[in-house]
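In what comes next, chain A is part of two complexes: it sits with chain B in the first one and with chain C in the second one.
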Partner chain A sequence: MQKLGDFKLPHFFNYPPYFTLQPVRDTREKQVQLWKDLILDYCRTQKIFVIGLEEEDFALFSNPVIERSLSHEARAAFLSALVSEGRAEWLDKGHRKCLILWHRVQDWADIIFRFVKDNGLEDSVMTVEEIRSGIESRGTELHGIDRTILMRALRVLEQKGKLAIFKGTSADDEGVKFSMEPF
Partner chain B sequence: MRRRPGIGGLQTAAAARDQYRLVGENVAKIRTDMMKEQLATFRSQLEEFARKHKNDIRKNPAFRSQFHEMCAKVGVDPLASNKGFWAELLGIGDFYYELGVQIVEICLATRPHNGGLINLQELCILLRQRKSDREAVSEDDCLRAISKLKVLGSGFEVISVGKKKLVRSVPTELNKDHNEILELAQAQGFVTVEEVERRLSWTSGRAIDALDTLLDEGLAMLDDGHRDGKHRYWFPCISSNSTPVADT
Partner chain C sequence: MATNSLPKADLTSSGRPVFLPNEIECSILSSVDLECDDISNFPLLKSGLLILTTHRLLWLPDNNPSSSAAAVALPLSFLTHIFSTKKSVKTLFHSPRVRFQASLDPSKSVVMTAVMRGKGDTDAFLAKFWENWRARAWENDVQTQTQAQTAVGSTSVSGSGPASGSGGFYTREGAVRMVGVSGILRKEQEMWESTDKSLQEAFQDLNALMSKAKEMVILAEKMRQKLLSGSNSKSSATNDDEVGSKEEMQDWMLSVGIVSPVTKESAGALYHQQLSRQLADYVRIPLERAGGMINLIDVYCLFNRARGTELISPDDLLRACSLWEKFDVPVMLRKFDSGVMVIQNKSHSDEEVFARIKALVTNPDTLRTGISASDAAMTLGIAPGMAKEHLLTAESKGLLCRDISPDGFRFYVNLFPEISTDDVYLVKDYGIYNTWVRVASASRLE
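Showing the complex of A and B:
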């Protein structure tokens, strides 16, 4: 089986017609489904949060072994399908950059909640940056999380009264005060 | 009997024909009786054989196939009924029943990819992956199981395209034009419009029509990504996609 680094590629990735947006509706639906799953899977394992449509460095968009590449239209179609499903969001009006939610925002909120509990941080204060790159985050899914997504998840928890977000001393230095009851 | 002219002659001829017929029927009856007796003997010997070699029949596909042929020669169908002597003796009614169920499952599972047409070889490979290694499955077994499925009216059929056999699990009827395209596609797993026109001596319209229908039925997929710019029509039922396919 072909691999991209450590990632095992599914069989359809080596079948040329899957790189052409299919004209027949039923066939296209199945194609889109396969690609959606592949994109989410790949992004999750590689910790990719943003996909640029025009960029050449998102490996899934082409397969040099069979000499096929997804057209711009195809890439847009698959990503739009993810957006419709709530698993992605366009970051710009021109639909050139796409934020990938291989965990939904609510799932990230749950992960942060568990993270706080696991590390006994129920009463602490942390900077946003520390949450995503501090020592405690190492080895967890939070490590290296996209800042935009992190802020969204934090706001979800803020809505529920689990924490408070505040601005720090410098312009983009935000912090969080957790107020979750310990067990 | 000497032929006599006139009505009398005709009556004699008719009577003679009747006599011949009676004799003929008698002879036929004697022959039939003898045959029936022979068959009965053969059948009981076959049953004895089946009893003795029950395990071999279950475990060995080649042996099983030859056993079936023997049975067919004497007009015995071990699969005719799930109950009854043969099924109980060999339990192979169950074997084919289970096989049939698995075949249906595999066809349904692969339908999104191949449009309801699957290569018999590929089907067998997938079947072997599912089954425990206790009982091997041959193409012959598959064909028998599928013929049983047909009797149930499940819409399953085996069609021959060139040298290959394809198992069809959807009501889509393939006409001769479609068949010819599938046969052409066996070489590389795909065809181009130009190739169809050239090799089959068709008009462009006829080629495109047939290919479009195959696309619509989900049996073909379009590929426009080759650097030569020519559209290719791939047939998942022809190419097994467990090996990477590349053409330059």
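Showing the complex of A and C:
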């Protein structure tokens, strides 16, 4: 099986029409569905949170084996489909960068909640940075999470009263005071 | 044999009459009844198309499927008399009638009546009827062919001259023996005499041409005046001068060698109908050669080239094609989504083409590489432009997918329906997706 890094690629990744935006409606719907799922899968396993449309960084958009590459129009189409489904967000008005939510924000909130519980941090204070790169986070999905997404998830929990976000000692670092009751 | 009807007339598959060699169509009238009181059991020939040619008078049933009458033709040679129309108070209120006498049997002579219920010009028709009968064009066919096609018809002597003149010396009774010195001298003499004769004839032709040119100038002037006065061509033909020049124009055109193109003159309001049928006839052979489908633009070029003169406009062509819906002809106009218009046989089956395309894209090579429009054109035996239309149509039906790349615009068999969204790694043990996976992997190992 072909691989991209350590990601197992499906067979149809070598099917040339997969890389051309199909005009016929039914065919297009299937194609979009397959691309959406593939993008989310790939991003989750590779921990990719942001996709830049114009860069060559996102390897999934090209297949050198069959010498095919998605056009800009095609990339925009598939990412827009993800946005419509709530699995992605445009980070800029020019639609050049896209934030990928292979976990929805609510799912991240749940993950943080469990993380706090699992590590007995119900009453403690941590910096945001510590949450995403501290020792406790190693081996969990939180490790290396995109800051924007983390902040969103934290705010969701804040609204529920599970924690409080406050400005930290240094200018750009925020802290979190958890106040989750042990159940 | 006792006849109780007219001889049958042969029609083409589009309902146009099959003409005899050198037969030229002169006049068409619609909504004509043909009656014969002298014959019992005469068939009911009502509301049909009356076509006058140089050789025959034809009656064709109209499109109405309920009329069971068959097309008939009366050779003008059977005519014995044409009655002149008497204009009276009675005739003002009735449809005009043309009565004539013909002998269908050697023993029997019958009187027939053509009742003109349509809007055509009966008097002009009658005049042409007389003329064609008098001209006895069918007799000329028996003689040499050159006579019927000569462009200069004013002197029949010069027409038949070459045929009998240059051959005369050699076919006359008691052929002269060409031996010895006298033979040589004789030969020279004859050559000189025949050259002289040809020169004379050429000059005669030239003189005839000059006089025709003069006629043309007069005719052009008449037409110019007619246009200037802006007269309505449908007005009654009481003005002899108008009728005259119209006749002259028609004769001249016919004599220049246009063997019965359907002109606006001879068919009037029926122009597009008859053109439509003629086009359907013409297009049959090019269609076969092109594999069942031709681009409308190509038909326009081919048809006009075949007509030679009396070219039709693109608008005429389009209208003629659109009229096919109303007739029972074996061809149809078809417009693709891309805007391309083609003429195709009604019997053309899209399904059959799709089956062939499917067979083409599922062989081991094309599974891997797909096909281009030219590949399809070669395999299907049609023009590349047509092939592309077929491929696009097949794509819209979900049979194919497109692949656009620097390599070009290609089509592959559509595998998307075969891919499972629940498990993207799943490949069944059978089916086209399975075959494709094996073929694609094999090629990469090479």
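Just so we're on the same page, the second predicted complex is superposed on the first by the 183 of 183 C-alpha atoms of A that agree within 3 Å, B and C clash if a C-alpha of one lies under 4 Å from a C-alpha of the other, contacts with A are read in each partner's own complex, and residues count from 1 in each chain.
Keep this in mind: a contact is a pair of C-beta atoms (placed from the backbone, for glycine too) under 8 Å apart; a residue touches a chain by one contact, two chains touch by 3 or more.
In this text, all values refer to a predicted model and were calculated from it rather than measured experimentally.
**Q** With both structures lined up on chain A, is it a clash or a fit for chain B and chain C?
**A** Aligned on chain A, chain B and chain C clash with each other.
**Q** Per the contact definition in the header, classify A:K8: touching chain B only (first), chain C only (second), both, or neither.
**A** The answer is second: A:K8 touches chain C but not chain B.
**Q** Quick one: is A:D37 in contact with chain B, with chain C, with both, or with neither? Answer first, second, both or neither.
**A** It touches chain C, and chain B stays clear.
**Q** For A:D26, using the defined touch cut-off, is the partner it touches chain B, chain C, both, or neither? Pick first, second, both or neither.
**A** In the superposition, A:D26 touches chain B and chain C alike.
**Q** Which of the two partners, first being chain B and second being chain C, lies in contact with A:Q159: first, second, both, or neither?
**A** neither
**Q** May I ask you to decide whether A:P17 touches chain B, chain C, both, or neither, giving the answer as first, second, both or neither?
**A** both
**Q** Looking at the overlay, what does A:S179 touch: chain B (first), chain C (second), both, or neither?
**A** neither
**Q** Of all the chain A residues, which ones make contact with chain B and with chain C?
**A** In chain A, residues 11-12, 14-17, 19-20, 22-24, 26-27, 30, 65, 67-68 are touched by chain B and also by chain C.
**Q** Touching residues of chain C toward chain A in the complex: what are they?
**A** Result: residues 370, 395-396, 398, 401-407, 410, 412, 414-417, 419, 421, 424-425, 427, 433, 436-437, 440, 444 of chain C touch chain A.
**Q** For the complex, which residues does chain A have touching chain C?
**A** 1, 8, 10-12, 14-17, 19-20, 22-24, 26-27, 30-31, 33-34, 37-38, 65, 67-68
**Q** Give the list of chain B residues in touch with chain A in this complex.
**A** 112-113, 115, 190, 215-216, 218, 221-227, 232, 234, 236, 239, 241-242, 244-246, 248
**Q** In the complex, go through chain A and note every residue touching chain B.
**A** 2, 11-12, 14-20, 22-24, 26-27, 30, 65-69, 71
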